[in-house]
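One chain, chain A, appears in both complexes that follow, with chain B as partner in the first and chain C in the second.
What follows is the complex of A and B.
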């Protein structure tokens, strides 16, 4: 099944980007594990003609050179979802877009490069009110594209909390998340 | 899903986020029901200690599985609830429940006397008696029975022609196509044959058992499940894939057999195909070549039934229907219609059932389609009764929109 853009993750970032792209005339699909999306954004996206795959989960991606060609999901099994561009908006630790082990922090879906502090003792501050460093860990980007083993995946754009530097604990988190989604939209439309 | 998780049905992954409660159609309409979170993972912690903590309110669960679709942590909430009902339910099924659930026992009986049965079930007096004595709500329009079952029709009119086709599949027709609406089975055969595929019946097909599971008749459901799995295995051995039309039967065969009935379906699981997925894949790969009727036009609205939502395959239906040149398709907002199989027929559930369906009925009234498209047979009863808008199965729409003759020559 072929789309112009596939958005993985249906939270604020994913739905903001998906709705903007669909309304701009691109054929979009959102794959949302669980109904993390608000009814209003869901309706807006569907009304614009977008495809929603709710309660499904991406299990792997098919890469060629520096591009992501398609993704496989748990429920569609052997029917791969292809697209020209992908947005990865799977969030941070709570939604498991980023996972922390005892010794490392990683992006579990595609194994993208993650920006984090090597020294675990510096991950958090014991003071409850202090800003927590681990909340800012996230995937690295170059010109908006995700990096894998240091090389950019030219059609994979992370957006929202999965990004390094963005955290829901920041006072302007909503604005930042929306802006990152808008950046991904701009990058895709420029192509 | 975390690999370290060891709990049954993933229940310890519940983060108490309550998303499941926001999508539960029952919780919004019936204050007696505690909701999926409390009835499922929360209650499970107590029930694991001692079965006396089982709460009878779990019977209000529709098993629509919307909570499972909504859960961001992969907790099988509805399965937890059904399992608890199986393990700890104290009430044995009433006569009414047994009658409603035994679709495969009542079917042959009712079909034999179909004109009489249909006539009587439509009478106010009979409805009144059934309401009073059995607890089948009098306001409900009861499903019609066909005087000739699908299987009878097939053996008489279609079976002989099937062996001529090179490709062969086995058709799981289910109780509904057989006893209530044989036209669906006939449409299925017409579409498959047009695509150059021969249809065979499954020797010794039994009811999938979903209604028995819902009504606490677990031994009977398990027996049928074992017979079905064995029967499917024989078809697969003959080189035929199993194709199904009902979304609920399909979900039961694929998911409920191993999860709830503990019947191992692993040998046949990957050979069971829902017809829309089967056709979509065949057409996209170029293996099946549809030729559409010229000038066929329709303005339809798609209602994705709950169990199709759970399977995650609604997209195959919409993509398939959008291949039809004259099809103008609106997707209705995702809502439960409220019938949930036998649930809405019960007197004590009628009011809640109609309240649950209200947003869907309003949505249909707003869209004003010529007809509603839906894969589910009980949704069809509920939507037709409650809105007056006809409901068609995608297979029947294909049978209408395909130029069957030209398709047949294209697929020789």
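What follows is the complex of A and C.
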């Protein structure tokens, strides 16, 4: 199955980007686990003709050179979902967009490069209400593209809270999240 | 001018030892003052496994401690029935233990030592062990069943304090010991600071008991007496649910992280043993290395721990009496040290009770009270081994919960489980009283009001120690604003709510920071999100 853009993650960032791209005439699919699916934009996206794969999750990606070619999902295991571009909007720790274990912080789906503080003692402020460093962790980008082993994946654009420096946990980050989604849309439409 | 004593004895320290001593002294007719710089059970009393030792752990190396343990184990099951859960315990032998000299030969030695110490122990097959405790490491090659259990140290301490008060003792929490009142070689009383009001006061009694745990070192120094104490830090981890129903121990020489204890809705693994400087005793942080070690050893007892969320980490300091020849602190007997400073150091009117462990607190209290009575010329004998504590006087929970009209709600059942026969004093007047404030631990508004009225609760930490508010799976994430509001109103100071909630969250945050990765980190992000627009300090309504 072939799309122009596959958006992984159906939260605010994913649905904002997906709806904008679909309404601009690109054939889009959103793969979202469901819990965090943004309901208002979900209707908008479907009305515009987008494909919604809910209750499913990406299990692996096929890379060639510096491009992501396709992904597989848990439910559509035999079907290769191909696209020219991908948006990764799987969020931060709570939604498992990035994962911390005892020794490192990583992006679990594709092993993208993550920016984080190696010294664990600096992750947290003792005061609950003070700014917390760990909320700033997230994937690195170069010109909007994700990095893997330091090299850009030219058609994979992270958006929303998976990005380092964006978190809505302590304050309202709606505008920042929407902007990161629009940046991804702009980058894809320019191609 | 003759000195007028308002009290016969002043006890410094509101941990389990001080609380037990206050109770024993009060039951023997003495006029008692107990002072505690924070809340009761804030030191090592509230920072251990909550294990009701059978004594088996000490049987091979220290038969005296083992015998003490099993005697007190049986006593606590009777006098503190409401604080004890009869889980039973297993000592398991793993294949790798055989390689280090702790195979089935050692198990035979262990069994023999247990039985000669009076601890009922019997070997069972690995299959039987798995049937008894399905979470146990299935590769085990042998297991021994012993009468271990779990004990809620907060509840036990609170019950002792409550009973001391019922027998006429005066208990001053948040009252810090500053110095002794002294005349020549005689201690006449104490100078204290009310840490809330900032006011200083003096209290006099012919005998003062130092029951301040590791802080007793500093208390003794103020009397010009040196007790060579040994601060041994022990770190523990709490897991997100009750993984095991039976205490699991390793059948080998005592080592780090070899006891897994189920307690109420959670499971606790511990502990480590590291010498720490006295300055650190007030602010224990659990290190990544300690967490790593506890996890590794915990997974050997119970493999499913590797995929269980860690709720938090905490550490306490054992008040051991120093023996500089052993740097690890493990081979020191956890023996009781009761010092009459008149015969030892020539300081009159001063007794220290230290060493020992949670399990032997009652015996420690008995020894200390005996020493006090000798000084006062009082000859009444100890009755604490036969007299049940408040909450444990009326048999089991089942009979207690029959007191409610109609079918008890979940909150009422849990309250009966926690407060035992004291549940009579919880007033369920309105429907609102029955509403659950903490849904992990089933704590009702009525129980919170009761804790303020009867148990001297002043803040959310105090409340947690007596009702388990916020101790469950969500660590207060979903209930703390509600609990803060309910508590502040019960205290008659609704404006306190934001401060109560903020202080509580900082404390929970501390325990989570030490284990901030994996699902715990997810919970931490979630917790931040929940309070985003409702910062605990800008709290105004629920």
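The working rule: the second predicted complex is superposed on the first by the 186 of 191 C-alpha atoms of A that agree within 3 Å, B and C clash if a C-alpha of one lies under 4 Å from a C-alpha of the other, contacts with A are read in each partner's own complex, and residues count from 1 in each chain.
One rule holds for everything that comes next: contacts are C-beta pairs under 8 Å (C-beta built on N, C-alpha and C of every residue); 3 or more make two chains touch, one makes a residue touch a chain.
Everything quoted here is computed from the prediction, not taken from an experiment.
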Contacts of A:134 with chain B and chain C, given as first, second, both or neither: second
Which of chain B and chain C A:169 touches, first, second, both or neither: second
Which of chain B and chain C A:55 touches, first, second, both or neither: first
Which superposed partner A:123 touches (first chain B, second chain C, both, neither): second
Contacts of A:79 with chain B and chain C, given as first, second, both or neither: first
Which of chain B and chain C A:43 touches, first, second, both or neither: first
Chain B/chain C common contact set on chain A: 94
Chain C - residues contacting chain A, complex: 288, 291-292, 502, 505-506, 508-510, 513, 516-518, 521-522, 524-529, 531-532, 535-537
Residue numbers on chain B that touch chain A, as the complex places them: 15, 19, 22-23, 68-74, 277, 280-281, 284, 309-313, 315, 318-319, 331, 333-334
Touching residues on chain A, where the partner in the complex is chain B: 1, 33-36, 43, 46, 51, 53-57, 73-76, 79, 94-95
Complex contacts: residues of chain A adjacent to chain C: 92-94, 96, 99-102, 120, 123-124, 126-129, 132, 134-135, 168-172
